[in-house]
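Following this message is one structure expressed as structure tokens.
Each chain gets a letter, A, B, C, D, E, F, G and H, in the order it is written, and its residues are counted from 1.
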Amino acid sequence: MKIGIVMGSDSDFEIVKKSLDILKEFNISVEVRVLSAHRTSDEALEFAKNAENNGMELLIGAAGKAAHLPGVLASVTTLPVIGLPIKSSTMDGLDSLLSIVQMPKGIPVATVAINGAENAALLAVQILSVKYDELKQSMKDYREIMRLEVLKKNDKIVEITKEYL
Amino acid sequence: MKIGIVMGSDSDFEIVKKSLDILKEFNISVEVRVLSAHRTSDEALEFAKNAENNGMELLIGAAGKAAHLPGVLASVTTLPVIGLPIKSSTMDGLDSLLSIVQMPKGIPVATVAINGAENAALLAVQILSVKYDELKQSMKDYREIMRLEVLKKNDKIVEITKEYL
Amino acid sequence: MKIGIVMGSDSDFEIVKKSLDILKEFNISVEVRVLSAHRTSDEALEFAKNAENNGMELLIGAAGKAAHLPGVLASVTTLPVIGLPIKSSTMDGLDSLLSIVQMPKGIPVATVAINGAENAALLAVQILSVKYDELKQSMKDYREIMRLEVLKKNDKIVEITKEYL
Amino acid sequence: MKIGIVMGSDSDFEIVKKSLDILKEFNISVEVRVLSAHRTSDEALEFAKNAENNGMELLIGAAGKAAHLPGVLASVTTLPVIGLPIKSSTMDGLDSLLSIVQMPKGIPVATVAINGAENAALLAVQILSVKYDELKQSMKDYREIMRLEVLKKNDKIVEITKEYL
Amino acid sequence: MKIGIVMGSDSDFEIVKKSLDILKEFNISVEVRVLSAHRTSDEALEFAKNAENNGMELLIGAAGKAAHLPGVLASVTTLPVIGLPIKSSTMDGLDSLLSIVQMPKGIPVATVAINGAENAALLAVQILSVKYDELKQSMKDYREIMRLEVLKKNDKIVEITKEYL
Amino acid sequence: MKIGIVMGSDSDFEIVKKSLDILKEFNISVEVRVLSAHRTSDEALEFAKNAENNGMELLIGAAGKAAHLPGVLASVTTLPVIGLPIKSSTMDGLDSLLSIVQMPKGIPVATVAINGAENAALLAVQILSVKYDELKQSMKDYREIMRLEVLKKNDKIVEITKEYL
Amino acid sequence: MKIGIVMGSDSDFEIVKKSLDILKEFNISVEVRVLSAHRTSDEALEFAKNAENNGMELLIGAAGKAAHLPGVLASVTTLPVIGLPIKSSTMDGLDSLLSIVQMPKGIPVATVAINGAENAALLAVQILSVKYDELKQSMKDYREIMRLEVLKKNDKIVEITKEYL
Amino acid sequence: MKIGIVMGSDSDFEIVKKSLDILKEFNISVEVRVLSAHRTSDEALEFAKNAENNGMELLIGAAGKAAHLPGVLASVTTLPVIGLPIKSSTMDGLDSLLSIVQMPKGIPVATVAINGAENAALLAVQILSVKYDELKQSMKDYREIMRLEVLKKNDKIVEITKEYL
């Protein structure tokens, strides 16, 4: 199992790293690239066009501002493309979100929350699990662990508030 | 191949119908439901919990306003869930979009454009094609037809503008 | 008199604490929980379903981003549910606000200001005071104290500006 | 059981009427007023100040644009005040929503969705049901009817789509 | 010549102080108050109702969030009321701006920029100068000084950039 | 008493006409112009520069989209300038509002609601009434009539709802 | 003199036609294409890459929603690219605007107003006039005609209002 | 080759400096001015009116808030005017962007991203390169360098992630 992650700028890595942490946990191989849709248009297109032949089964595109990258990747591959809007220094991420999610008819991008790098990876896992049964179980385990973590936090806050009130 | 589509209100059907047209074209079976996340909470959860066992491999949730439905479905299944924000009579669809896409860490929803019913279906096809090779080719054909349609429209506009100028 | 407060994440506690301060002042018991609508869907629903039987007369749901929690609680109880939108790191709280307030027909959530934890608690008191006469008087006293505090601040600023001008 | 409804302009009546339909169904008496917070400031304040003495247990304030009415009512009564933002001809209701919901610390307004007249009334019923047990059951019945209506619509759409696909 | 300034909270003073600096420069007397439209409704109304009789010729109302104060003042006086929207911790000032500027037909508020305390004061001076000829000249002098300051800054930047380029 | 009204386009006249109705009622003379800040920059500036000498005591600037007109007028006169944002075919008036109200330090524009032509005129009257005592009384009468109109509408709705409920 | 216009969909032609009217008036040749950045990615890129060799000196890209087209064209040519955001059925054009104007560092797009087809063309003329002196004069004439048209409209409104008042 | 840059305030220089760095690199002369459209209206207009005669071939206008400067410059010259919206302390740059880009029919401003000073300069170079062939090649070289820089960053991230995963 292998997926590709393309980010529009190396400054996005701080966020994208959280996707890698998740994918590693699920033993999914990742090819990571920094390829601007505008400054390295050819390389970005090339990467997406060859992704399927290079064994990737899904792409994540992370970009900020007028975030064309996920849409540009999606336009030259039929692999599912997940769009991860990155918040930049103005407009609080709204520009990235709209540039990624409002794709015109024909070429969808599966958009997750602004800076939602963990969810981009988890969505990738869920998509791959349509094919790979082992991921289905891993994802259920992951959910269970998450559930238990919340419940532990709950216990702690219940404790704290008991004293507090 | 089967997927489930849940819409929050029967008034969403006008939009959701466009998803059905696409899915029919790709020979994908669909179970369609009208199940409000709030007014029929139990039934909506039940549907999503059993979706995998009932042979569905992916869910589409379509909803407007404070559109919780896709997130609620996603919270009880590990199948990929596509969120389709429906524009309602106020806020121009921004409320639906944000309510669907801004999912907290842990439970992603693959969000498409506001009223983007065709893209919800096409994304479903692309996700299923990770597993089903026959869909890969169908999707490539679909893209090619789309490309030719645009080019035909291009020819027509080239003609019109030649006379116009 | 007892109410329930559910927050979607323990990171919301910093804000929610201000609700507790108010409720303590009015001698209202509170059951506090950290229960994500998505990561601990069953527990959140369970808590809300049993709230009435467990002696709670009202619920406050606090959540950020695609803040489904208050609506999800409201869908399985007929107790009044107050929604407290929490500002997260993107979109300045607008996503939480719209996800909470724009509830579809049938299941209302009584929404207060973004991060308005004090007002969530005061609204709870006002709602309970419909039933409990003693709260009516306490609330009138609270208002009077608030009024005097503003007037004291006024006196101070009147002083300062006299010298300033 | 009696509540008061104040709307800022008679043009809001088209929306507010839907609140009346609900309240009638639950046998709740209503005093209805058209009282602008700005053009008839004294009368609006007078109405709110006397509401409790006149037997009202809750107020609904409906207003558009810079919708101060609910907040103004809330400032002179300790009855719970529900705010109903009305969409006017510009800004798609966002101005009304923010003017009502973003109340400063101390004076909460229980805000419902833009043009959400039904939910304003249902919230009123839920708040009164804290005190009046008979309303609790009526509300549960109402919810059940709503649930069955959705399920009926579901059956219809299931039928339609079966033929459609 | 005397005007009144009412701010909704003493935390607004940091901004409002800049209005005072300007008014002092133009020798305009100011009565300053901290009076919340909601927490000290009566006092705020009283102040505005008596403003004319107390020799004030214009009011400035400064407030944040659901900023009703300027509109509330305007509703009980026919003196011109200037609205100064204060940016609070969420929504970047948009809530204050819309709550102040979108006044319904009949009761205008002369709104200036978010946190635009200097402009609120300068607008006051320009309004008073309709009556007081001496202010007309002072304002023209003020404008000329402003102009010269910009030109001086221009000279400095012209210098800097010459070396820079 | 005379004021000037400049609108950026003759298409704004439909809205601006409502200002004229009010001003006529108060016997205020008006010089009306259609002068784009951009297409007839010189004429617009000329008009504003000479306004004071031509006996005008205040200007109203009405414009849509990137609505520079009121600010441009304000930059060359020390008369008070009222800005009236006109809603155009995109952005629901937000562009006009921000372009008019967010004036930088030094040159204020007294902004009223989007399409708030009546309020622009009423604000003009209130500003002039600082100087002209006769307007003070007329404005008080106007307010009283407005008040009575609301009360009449109130009576009617009270009637209607009595039958309705 | 020749420029290229690419629109993302033939539905944009209604708007783009107004650009053609202007360009015709200035005797500028135009190659018009309908080429979606996503559905006909190769053709769009090809057109832009060859534009310079095919004698075009500037490109206009018109697109709606997640409007990547102008940025995509700009990424493969060093000709100036003008971006024309088209308003679609949701989000009032804000998505198109942000997707076009918020281009990341390195690849600018010269953005005009939403649906501002005339201005896209006029900007093209102004850019070409840097090189072609004859256009400079034509543009000055055009401006003068525009000025006279506004003045004529002014005369008419002055007439109308004289009678009206 | 010479262009003019006008900024509305010397506080914009921190951003505008990045334009100068680019223009220096391309050996383009620049006349830089600090001239507020409102506080030094005459000087700003004078500068723009004489720009062409003073050998400038293009103007860049940088301004924040109600950013009229670029439009005001454009109204008195037929040189292309590039608008650079500067983010100020409220509204996250949206006010500047809309005030610059939403220019009415007739007078376009070529708008770049909020705080996009580099792109303002690069757009200037691309516009001048329509006339000056030497710039065409420099721009192609610049693009190639940019491309290589991205690829170098890509190599580095590929390295980092290999170890990371």
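We adopt the following convention: a contact is a pair of C-beta atoms (placed from the backbone, for glycine too) under 8 Å apart; a residue touches a chain by one contact, two chains touch by 3 or more.
Bear in mind the structure is a predicted one, so any value in this text is a computation, not a measurement.
Student: Walk from subunit D over to subunit G along touching chains and report the minimum step count.
Tutor: Between subunit D and subunit G, the shortest chain-hopping route counts 2.
Student: Just to be sure I understand the contacts, which chains border both subunit G and subunit B?
Tutor: A
Student: Could you pull out the chain whose C-alpha mean position is farthest off from that of subunit D?
Tutor: The chain lying farthest from subunit D is H.
Student: Measuring centre to centre with CA averages, how many angstrom lie between subunit F and subunit G?
Tutor: Once rounded, the distance between the two centres reads 33 Å.
Student: Centroid of subunit G to centroid of subunit H, CA atoms only: how many Å?
Tutor: Inter-chain centre distance comes to 19 Å.
Student: Measuring centre to centre with CA averages, how many angstrom lie between subunit A and subunit E?
Tutor: 47
Student: For subunit B, write out the residues touching at least two other chains, lowest number first.
Tutor: In subunit B, residues 9, 36, 39, 65-66, 90-92, 94, 101-104, 106-107, 113-114, 143, 146 touch at least two other chains, as defined above.
Student: Report the complete set of touching chain pairs.
Tutor: In this structure, the chains touch in these pairs: A-B, A-C, A-G, A-H, B-C, B-D, B-G, C-D, C-E, D-E, D-F, E-F, E-H, F-G, F-H, G-H.
Student: Quick one: in the complex, what on subunit G touches subunit F?
Tutor: Residues 87, 92-94, 113-115, 143, 146-147, 150-151, 153-154, 156-158, 160-161, 164-165.
Student: Sort out for me which residues of subunit E touch subunit F in the complex.
Tutor: 57-58, 78-80, 82, 97, 101-114, 116, 118-120, 122-123, 126-131, 136, 139-140, 143, 146
Student: Subunit H touches which residues of subunit A in the complex?
Tutor: The touching residues are 7, 9-10, 13, 17, 20, 23-24, 29-30, 32-36, 39-40, 43, 65-66, 89-92.
Student: With touch defined as at the start, can you tell me which subunit C residues reach subunit B in the complex?
Tutor: 8-9, 36-39, 41, 45, 64-66, 68, 71-72, 74-76, 90-91, 94-95, 98-104, 106-107
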